[in-house]
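Once you scroll down, you'll see the structures, which are given as structure tokens.
Same chain, two partners: chain A is paired with chain B first, then with chain C.
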Partner chain A sequence: MTVLIRAQELSRWYGIVMGLNNVTFQIEPGLTGLVGPNGAGKSTLIQIITGQLKPSSGQLTVFGLAPWNNPPLLRRIGYCPEGEAVPKELRPLEWLEGLGLMSGLRADEVKGRAEAILDKVKLPREHWGKRLGQYSKGMKQRVKLGQGLLHDPELLVLDEPMNGLDPMGRQEVAQTLKELSAGGVSILISSHILAELEALCNNILLLNWGRILASGSQKEIRSDIKNWPEELEIECDAPEKLARHLFAAGVLAGFDLSPEEGLLRIRVKDAASFYEQWTALLLESGAMVHAIRSRSRSLQNIYDKVTT
Partner chain B sequence: MNESPPISSFRATGTHARPGLAGAFRGLWLLTWRSQLTLRQLPVRLATLLVLPLLVYMTVRSTDKWALRRVDLGKSSEELINFLQRLKRERIPATVQTSKALGDILDHETQQSELTWQEWTSESPEARLQRLKDHVANWDSRILSRAKAVLDDREFAEFQVVQQRHRDHVLLKLTEVSVPWSRTEPFYHWLINFYFFLILPLTCVRGCGPLIRDELQADTLGFLITRPVSRARLLMLKYASQVAWLEILLLLETLLLFAAGAAREVPALGTLLPLVLGVQMLAVPAWSALGLFLGQVTTRYMAAALLYGAIVEMGIGRIPTNINILSIVRHLQTLLSQNAAVYALYAWPSGKVATAVGALLVAPVIFLGIATLLFSVIEYHHAAEMQK
Partner chain C sequence: MPLHDAHYQHWGGAHTGIWGRRWVIAQNGLSACLRSKLLRYVVLVSWVGGLLMAAFLFFLGQLLVPDSNMTRWVMQISPDIRAFVRMFTSWLQDHPEVSVGTTQNVLFYYYGVYSMPLSIIALGMALPALITRDLASNAILIYSSKAVTRGDYLLGKFCTAFGVMTLTWLGPLCGAWFVGNLLAPDWTFFWHARIALIHVLIFGLSSMAVLSLLALGVSAVSSREKSTPALWFTWWVLGLAIQPIALHTLQWLRHLSFGYNLKQIALAVFHLGRELQTAQDSIPILGQLLRQVPPATRAALDHPLLGGAVMGLAVMLLTAALIVNKRVVPE
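Right after this comes the complex of A and B.
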């Protein structure tokens, strides 16, 4: 498979502060999620990919080329930065027209293109006459996403694009990204909103403290972590009693109690062995069990495990 | 809401062509003027543009008022009191009749001399000064000759001392304390000293110094440097669009200044205006490039510009050797001296016009070159900028 982005022993330092620490990975075409808490190095990595920063050591290539000060490569990349920053005095069409001209759009096509983009990101037309400084966070996100799409990029890099969007807005952006991906645009998206990424991305890159913790498809990541402790949430009438019984049986690696909510969260040492005997263990405990949920199957859970 | 177009029809045609210089400039120019000319900012911009012309209008007297201007030859009553006190100290008796007669002479001659003085609108400051001295001398001699007729010898000797002191005081006030500006001189001082050599350079430095830093602080630089334009070209085009904006803004200011001058009937503005506009066209890119360069190396670019002004323009530029070629101000003075009125008023050291023009063309190239090199090599990013 073609490699879109390749990093080889890539490090980036800000003075004595570490941004990225000797990471090696590759990203293939498609929709890829970049997951990590604040300070994980997501934005640093994105800024290197979009040619805003240089690596301190190692190398990173996009489409086989180094991004720093590389206009031929940059015209294949679209970028939507994190945060709310937009030129406050400009109206969305003015901004997109200016950036469009800078991106190589012809003067006679730029206005139509900007309008099509604003429609595409579903910015209501009644707001087009307002200045960007008057926009809500969600509206700014839409315009920012639009400017990234102006020059029809092959790779779209989005830094936390869901921030500030309401659930409907997130759904719409996710739909737009899916359509773009289906149209052949590769997308790299960072987010804290893991539920959307899990549903959206084929591949995930887990980042923390400037290091890659796991990468690949969700299936591959799950496979990588199959030996991690299984975590279950049990809803019952006597969580303390059940916890004592399971602890005495020697199957627990740890547990959390929420007696008021009637919840017991357990981490088991050996999942396979536990599942063989768990029916008997629950019956012996005498607790009335209402529900059992595994908390190990979502990406959120994987993420929590690797970042705490 | 309108149905959004499907992705397949969403692709632009030919967008992968690298933006040409003109296209990229057009984009940056659009972003520049649209963000700086808004209805909200318009009142402030207009008020700022009108401050200097209003000052010109208020400080340059109309020809009518100028013609009615009077010279102040002091209070004759005070002079008479001084004289009487002096007689008392010297134990010389003074009669009431003598005092009254002398008082009448002083009042009459002073009043006559003040009324007969006339201002000439086209007179040079030097010629006016000489005429003023002659006028005071005539006033003095008439008083003395008439006083001699009513005073005895001892009284007249004492009066001569008092009158000499009074005359010297009046002359000092008229020639030194009150600066002997001609009617139109304030116009030139506002235009040249204040506007051309202070406001214009500071406006350019203030306009171009934060070109990159403002984007960094607003965290909007990423939108620009991720466009398919090289960093060097991006900075140069951003500079060019800002210079174009400043040229327009300062052209308006100059025209308003000249309009105020014309309203006050400052003569020969028709020959000065093209020269000032031409020199301004050269000055704006030079000062702007200096501002851009300083903005690239320090966040305190205004302070750095003032330091540069003190060291290079006011220090090195005034050294009477070839090293003063480094001074932008000196080259601007050479070009402005081509106007007879400016030359007569300032008498700056003369220089070659071709050298001055050449230097003003080379200066922005040097400053812009260094700034571009820095921008191409150094990473500027929001986080680092906000820590400063």
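Right after this comes the complex of A and C.
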């Protein structure tokens, strides 16, 4: 697999404050989530990737090239920052056309491209005549996403792109990102809404205190964490009966019952052995199972595990 | 109806070069500046000034031709004036280098120096569109992620400020020179007035570069749209106010005014003292007038404080560079 972003002993400090502390990792093409609490170093990393900050030591390459002071490379990268970063006195088309030209698009093609992108991010046409200062947060978010896509980047870096969007908007943006990914655009997305990242991203990069805590696919990360407790949520008609049976079989480390909801939450001792016996145990219990969800597979769980 | 592909469309066009992208930054900045109606009025007033200057040059040029309509009309006013004009025109014809060259050099010095305030006002109005708004809206984050370096961005903004000054200062100055000499009775006027144009270009371009860089610095001081013009105008007015006070106390304080420093450079570039001496020695009537100029004033014209002015401007430019370096960075 080719490597999209490679960091080697990368550090960035601001005076005595460490933004990134000697991190080494690589990101492969596709959809990658960047997860970490405030101050984890996500923005520093994003700014180094988008060529806005110079590493204090070590190196980072995108498509094999260092982004700092490298306009030809930056042309291949799109960036959508977290906060409001739109000039309020301009209309969306005016701004996007200017940005398109700044990115090297030709004057005779930029208007059509800007219009297509605004349609793509589903900014209603009736609002195109308004100044950006009059836009809601969600609409500004769409325009910001649009400017990141305008010059057809190969890598799109998004910092909290779902902020300010309503649930429908989030779904639309997620759909757009999936389409982009399917179209060959690699995406690095930072978000605090872990459930959305989980549904969207193949790979994740977990940061805290300027260090990389985990990177790779969720499965790989889970397999790397020792003593990982497998937690399952089972929806069934007789949770107490099932709990008793599993407990008697000696496979549980613990469980929680919610009989009124028909839910049983279990923590298993040895995941591999449990899954080998699981079908037989279930049949023997006589309980009718409606749904099984792995709680430990959630990104939130992984995040909690590695940051505590 | 055929189905259209609603999926993401890749863009397959050719990219423009870096100079084209820098030009876009400058052009967009200039368009943003010219959205201000007040600034458009200042541009208009500047060009009206240029036209008046051209008309004045046309009038002077006509006086050099004994049988021109203008000369004939002036000679009709009274017999004394007729005698004076005859003497004057014949003398001017004998000394075209002085009558055209020196006169235009002196005129363009005064026009250049005294039309500069209009350009400083225009630049003050343009300040928010330079860097302030980009800092206020945080759009600088997005600009710095595009295929341009910070240097390209600043160069574009510098060109915006330079463009505003070209529209309000150098443009009218050069326009007045060109039209004034185009309407002159003889093509040789262009030749005799060449030194004035060279001085205009040297002084104009260097002053515009300095003022544009200072404007970038002031524009980057704050992200409040009202603060940066207020700071600019306060600095300029304080500089003007401090000059008479500093003359009798701490003279170096005068160099805190960029206007004063640029005036010293203008005196040096146009060689005003030397040109006035030439005029005094060559033109009888001017000689009498110029002898009445106080010695202190003549000394100031003869010996501009170039060292202090350059030093003062260098300190200002360094400060502006430090501010820009500190402020024009992604958060």
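One rule holds for everything that comes next: the second predicted complex is superposed on the first by the 238 of 308 C-alpha atoms of A that agree within 3 Å, B and C clash if a C-alpha of one lies under 4 Å from a C-alpha of the other, contacts with A are read in each partner's own complex, and residues count from 1 in each chain.
Here is the rule we use: contacts are C-beta pairs under 8 Å (C-beta built on N, C-alpha and C of every residue); 3 or more make two chains touch, one makes a residue touch a chain.
Worth saying up front: this structure is predicted, and the values here are computed from it rather than measured.
**Q** Based on the shared chain A superposition, would you classify chain B and chain C as clashing or fitting together?
**A** After superposition on chain A, chain B vs chain C: clash.
**Q** If we overlay the two complexes on their shared chain A, which of chain B and chain C does A:Y14 touch? Say first, second, both or neither.
**A** first
**Q** Is A:F63 contacted by the first partner chain B, the second partner chain C, both or neither?
**A** A:F63 sits against neither chain B nor chain C.
**Q** So, does A:K54 touch the first partner chain B, the second partner chain C, both, or neither?
**A** In the superposition, A:K54 contacts chain B only.
**Q** Quick one: classify A:Y135 as touching chain B (first), chain C (second), both or neither.
**A** neither
**Q** Pick the chain B stretch that clashes with chain C in the superposition, from 57-65, 111-119, 165-173 or 291-299.
**A** Stretch clashing with the third chain: 291-299.
**Q** Show me the chain A residues, by the header's touch rule, that chain B contacts in one structure and chain C contacts in the other.
**A** The overlap between the chain B and chain C interfaces on chain A comprises residues 47, 50-53, 69, 71-72, 74-75, 77, 79, 81, 83, 85-89, 98-99, 101-106, 109, 113, 116, 120, 147, 151-152, 179-180, 183.
**Q** Can you check the complex and tell me which residues of chain B touch chain A?
**A** Checking each residue of chain B against chain A gives 1-2, 4-8, 10-20, 23-24, 26-28, 30-31, 34-36, 38, 40-41, 218-220, 222-231, 376, 379, 381, 383-384.
**Q** For chain A, which residues count as touching chain B in their complex?
**A** Counting only chain A, the residues touching chain B are 14, 47, 50-54, 69, 71-72, 74-77, 79, 81, 83, 85-91, 94-95, 97-107, 109, 113, 116, 119-120, 122, 124-125, 131, 147, 150-152, 179-180, 182-183.
**Q** If we count contacts the way the header does, which residues on chain A are in touch with chain C in the complex?
**A** My answer: residues 47, 50-53, 69, 71-72, 74-75, 77-79, 81, 83-89, 98-99, 101-106, 109, 113, 116, 120, 144, 147, 149, 151-152, 176, 179-180, 183-185.
**Q** Spell out the part of chain C that touches chain A in their complex, as residue ranges.
**A** 7-11, 13-18, 20-21, 24-25, 28, 32, 35, 133-134, 137-139, 141-149, 152, 329-330
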